[in-house]
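The same chain A turns up in both complexes below, where it pairs with chain B and then with chain C.
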Partner chain A sequence: MTDTRIPPARAERPAAPPAKDAPRPSARDRGTRLLATLFLAPTIVGIVVFTVVPIVGSVVLSLFHWNVIDEPRFAGGSNYGAVFGDETVLVSFRNTLVFMVLAVALQLLVALALALTLTGRMPVWLRSVFRSAFFFPLVLSAASISVVMKYLFNQDFGVINWLLGFVGIAPVPWLTSENAAMVTVVLVYVWQQFGFSFLLFVGGLNNIPKEIHEAAALDGATGLRKHLSVTLPLLSPTLLVASVVGIINALQVFEQPYVLTNGGPGDSTRTVVMVIYETAFEQLRFGEASAVGVLLFVLIMAVTALQFRLSRRFVHYQ
Partner chain B sequence: MTDSHLTRRRLLRYGAYGAGAAALGGTAASWERLTGADIPGRDDGSLVVATLGPAYGPEAIRTLREGFRELHPDIKLQINAVQAVDWSDFFAKILTQVAAGTAPDLVYVATEGVQLFAQRLGVALDKWVKRDAAELKEYFADVHPSLVESMMYEGSLYQLPVEFNAADMYLNRQVLRRAGAQYPPADWTRDDFTTLLRDMKQASGARFTPYFWTNRLWGGVVPWLFANDTNLLAESKAPGGEWLWDSFYSAGQRAGRGGGFRWTTPQATHDRVEEVYDYLASLVRDGLCTRPEGGNGQNLIGVFSTGRVGVTPAGGFWAGGLHLAGMDRDGFDVQYFPRWRTQRMQYGAAGYALLRTSKRQEEAWEFIKYAARKDTLAQLFTTNQTTPARRSMLTAGRYEETGPAHWQVFYDTLDRFPDTGPIPAPPQVAEVEQLLLKHTGTALASSRSVRPALRRLQGDLEKAMERDA
Partner chain C sequence: MSRVSPLSQATLSFSRARHGLAPWARIAGLTVCALLTLGPVVWTVSTSLRTPAEAFDLPPQLIPSDPSTEAYRGVFGQIDVWLLALNSTLVTGLIAVGQMITAGLAGYAFARLEFRFKKPLFALVLATMMVPLQVTIVPVFLVLKSMSLTDTLLGLIIPAFPTAFGTFLMRQYFLGMPKDLGEAAMLDGAGPWRTFRSVYAPLAAPGLAIVGVLAFNYHWNEFFRPLILETSGQNYTLPLGLVSLQGNLGTGSVSVVLAGVVLSMIPAVAVFVVGQRPLREGITSAGVNR
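Now for the complex of A and B:
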């Protein structure tokens, strides 16, 4: 049988002598390492094959002109020059950032408000119903949801405008006005995505010891003051996770604007990933598309790094 | 080297690990699993044909395959129906197969992709057409030369068209009756059209949309450009093609024909283009038609068949669609696109393109001929989901059950207006279409935004056309 006992932690061992004189690890240590490596191997192989290789491939491809049909030609940095000179790309970055701010803020706000409501007094069965209902859109395909929403939000034939007509509201150009289209895309996105943040918040709120709230209540903190001074600081690690995941997802938004508006009217809802798709698979400029992809990768890394840096100031661990 | 601390027991244990790993590896290697070689038709000697999935259902594919097997039992055939939402999506998927080294031998290509495939991937069919001219005489006699010309590129023929759809006007009879309007005459004008829309709107109320259109290359702004005797890109004809015209068409039919269409200089800021956009902007402003983003082909059949839309541009494919949606044959009818400066109309056609990478080009040519045969098309196009390229297939019997009453319009669009032409689809078509859709949306936001948007469209088109496809 395989020896599955966990070896003593390194810290419990005598201090390691200089490397030169270090004793050779025992056979048992080597066996344990081998076992650990075997267990980690599938994950490492997966990360290398599906993450590292594509990233490196994209960086390399961004230095070439390639249209799939002909041989790639080295382009140096000209793809990046073309990207920075392309108004559509710049607009798509602006749109994506606007989308990210609106969508993540709304998503966190809605999820937090609903989580706070559901962790209050409520029958257990009703709480389960709400939890399932809020999470349900997340398991549906974003594309199919968007197709349905496109029908609902249609200016001329949509159910939403039809219902608004009963209360005397004129048809709203949900998807056909530059200003309204982005808002509609955000609403559809948030409706589908907030379930994830909601579950995180429910878990986070349940982990806050009741004693702290009781102590705060004894000190006179109730209602909004209690949430601002007690709940939010204690929930800040969960907020950090929810916002990091939310921002990364929002920066990669594709399905909702692609199906709902196809980036329009004009370029008003065209996002970076849409531009990557169109440039690569419709216009066959894979080098430029990869350059945009690399820039998006850098943006996501920068925003995430900034979040973690700021988290030192705003996140409180118990 | 053997570890000096290795005991016999550990040696045995590692031996067991090794044997276990080897057994696992062996099992994995021998396990029946999917590999690249399992892609249908790959490297098994089959002739691989890629068709647009939604257009070719399982029954159509079975019909094609079995008919071909009867004729050519020696040729293994694999038909892959590639699912895609439109031609652009379909071409993207085919090009991905090309990039992956799994290119099919034949691809079903519509006008949108004819020049892209011809320039980059296709094989001209000239030598086979010349060789089998006697066999093909009957085919060309049955197919309008304009459709054939749309499949030519720089003097060579790349596809035999098997179907086409011209942008004619479908009219909802129920809405016509409600408005007290008559079925319009063949030579109706743009002003007649506008008056009809106003009458329909007046009779049907605020929640009714007289004219529904979809913002795309086929059936969007472009038919109006054609009617106003202009185009998005300057249109001319490539030289050549006499080898084909002289062999198969009479002097009258071949007059003015060339070696295929050329679409070159963008002309989005031309007066006539601006006139078209001004006109459409006025229809949007007056609530007579959908906005470009609002027109969505997916729900069109539903809103048309329920009388919430009066008029829409569509081709022969819609007769079958409306019938399947439960619309009575007398519930709708079709007329030519209205006249403006001309009554030139727009169409898109489709056929099979042979790829250069194919190692089975002779077999592929046999399939192309087979797919263009009348009996093949008759078996394929049973439900009027398209307009057959063969004139002889458009009969009263074909449209007896589905309608429309004036089914002759479909082919007469070519016969009566011989200058009717294909949608402008140069090799850079994907970018051209994307720019057209984008800037049309902006241009029709208001009448004041027409000119700025067209100036941007012009600039972007110039860049796109300068770029290598």
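Now for the complex of A and C:
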């Protein structure tokens, strides 16, 4: 590496028109820019057409009445008014929030308990068998799994009620009573999703230096005590990521309630995304569906921002 | 994100300080949980091998006493499994290949090329990772309709080519490669394309594998977009076909539906077995992708 080295392309950058007396680097510079343009074009054009334009489009559409067949009519804020006055929409937001709290709490709890238990002493092969088993449901289709679960949770013929019968529990109307249906949707969702948080926690636990555990053991901290006062604070950055992603995903839940209960009984498991789907693609009220979509987007952003704010107090970086 | 142990997922190699639970209790507990996790899958497979008539009989049998392929013949009779599988394969395969190309190229540009508006463009890509598909589906549908791409497989494929997460991942991947390699090639007179083509691209395979496996896993199982975009049966993908099969049949043909579920699981399970490592790395470093 001596002075004869061709200056890297970056060095040319500040001078907007390339210097006239340095033809080689400037030709290379132009080549670099052309290559960058070609390399970026598919991604940037795709993102603009299929994400940026639709975001702006959602907001614009939410201000119009439109059924795709007739001309759009300007509606001002009346779609939002209609949405806030619509019992089904309000219930769907409540359901989605209830679902989110239950599903994320259960998912994190199960994943954390399993990840912590897995750190104990055991043969390496056994550990990788468990790890594979716990993340296996993630590779299956949520829609197909919900079809399977619908049979398993059947009140009269389902295996689950049959098993519960052995411990003396009367058949539970898993899918047909308003209270139980939400629980069932949460269970099916968590069954498939906990593996994601589990993998995050296993990774996070791996990153905790061994010495810290040894120091904690020397100080006499063992078992649950040690986990509460040593492991959890060190795992808090991972907990933050797992809960943020868990919440964002839970707020978009669709497949499980769509297949298991189709939103019922009544509206007890109807979620916001189901309402967007039904309003737009079954009732052809595109303006109102967009208004619901915009509200969901705002909700997701607000919850995420709140979470990062709270996390400043509770997340410890090493 | 940087805390999530991006691309290294070493096994738990150290033994931990004493735990509260006895080893046998821990292993027993984990075994019960593993059985609960895999139970529904095992039930699906074993019930698909019972005859439709006795599929709902209790107790369920782990290994059917009288295995029958009647349900499998049934599912081929009820829906055009081959067509659905072909559609799913086309859609998933093209999206996976497409994402590897777009993410590989864009990731390289962000990592190793200098150009104007690099920072704002990368910020734009990152920002779109936060936008859920469900929120923008109505305008996306209208954009596709204006291109006459609704109810076509292309309408599923093309919008899925750009991948914000894949681009992010490939940028990290290229940034992790030594810069000297490219500088040496430049010294030898290689232009920017040659440098990419012969120096960096060949090293990108493991990163591209993560992008490809994640894309496969996500789009093979995808339900929401196909449900909205594909209205005629000949354009259905497997998950869509199975849900509608379940809706069309009464409770009598459980094993037929389950046979379909088993068939549709095979490629996903194959990827799980062959590509478990890139899948795990992708899922842990991503998450945001779904």
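Keep in mind that, in the parts below, the second predicted complex is superposed on the first by the 266 of 318 C-alpha atoms of A that agree within 3 Å, B and C clash if a C-alpha of one lies under 4 Å from a C-alpha of the other, contacts with A are read in each partner's own complex, and residues count from 1 in each chain.
Basically, a contact is a pair of C-beta atoms (placed from the backbone, for glycine too) under 8 Å apart; a residue touches a chain by one contact, two chains touch by 3 or more.
In this text the structure is predicted, and so the values were computed from the model without any measurement.
A.B. asks: In the superposed arrangement, does A:Val167 touch chain B (first), chain C (second), both or neither?
C.D. replies: After superposition on chain A, A:Val167 lies in contact with neither partner.
A.B. asks: Scan A:Gly263 for contacts with chain B and chain C and give back first, second, both or neither.
C.D. replies: first
A.B. asks: Regarding the shared-chain residue A:Phe157, is it in contact with chain B (first), chain C (second), both, or neither?
C.D. replies: Once the two structures are laid over each other on A, A:Phe157 reaches both partners.
A.B. asks: In the overlay, answer first, second, both or neither for which of chain B and chain C A:Leu284 touches.
C.D. replies: first
A.B. asks: Can A:Ile69 be said to touch chain B (first), chain C (second), both, or neither?
C.D. replies: The answer is first: A:Ile69 touches chain B but not chain C.
A.B. asks: Based on the superposed arrangement, let me know which partner A:Thr176 touches: chain B (first), chain C (second), both, or neither?
C.D. replies: first
A.B. asks: Just to be sure I read the superposition right, which of the two partners does A:Val147 touch: chain B = first, chain C = second, or both, or neither?
C.D. replies: both
A.B. asks: Mind telling me which of the two, chain B or chain C, contacts the most residues of chain A?
C.D. replies: C
A.B. asks: Which chain A residues lie in the overlap of the chain B contact set and the chain C contact set?
C.D. replies: 31, 68, 147, 150-151, 154, 157, 162, 281
A.B. asks: Applying the document's contact rule, which stretches of chain A touch chain C when the two form their complex?
C.D. replies: It comes out as residues 5-6, 8-10, 13, 28, 31-33, 35-40, 42-47, 49-55, 57-58, 61, 68, 114, 117-122, 124, 126-130, 132-145, 147-152, 154, 157, 159, 162, 191, 196, 199-200, 202-207, 210, 213-214, 216-217, 222-224, 226, 237-238, 241-242, 245, 248-249, 251-252, 254-255, 259, 273, 276-277, 280-281, 286, 289-290, 293-294, 296-297, 300-301, 304, 317.
A.B. asks: Looking at the complex, which residues from chain A come into contact with chain B?
C.D. replies: It is residues 2, 26-27, 31, 67-70, 147, 150-151, 154-157, 162, 165, 173, 175-178, 181, 261-267, 278, 281-284 of chain A that touch chain B.
A.B. asks: Which residues of chain B touch chain A once you look at their complex with the stated criterion?
C.D. replies: 3, 5-6, 10, 13, 88, 92, 95-96, 98-99, 120-121, 207, 209, 290-294, 296, 298-299, 303, 308, 430-431, 434, 437-439, 441-442, 445, 453, 468-469
A.B. asks: Which residues of chain C touch chain A in their complex?
C.D. replies: Against chain A, the touching part of chain C is residues 1, 3-5, 9-12, 14-21, 23, 26-27, 29-30, 33-34, 37-38, 40-41, 43-44, 56, 58-60, 101-103, 105-106, 108-110, 113-116, 121, 124-125, 128, 130-143, 145, 158-159, 161-164, 167, 183, 186-187, 191-193, 196, 217, 220-224, 227-228, 238-240, 242-243, 246, 251, 254, 257-258, 261, 264-265, 268-269, 271-272, 276, 279-280, 283-284, 287-288, 290.
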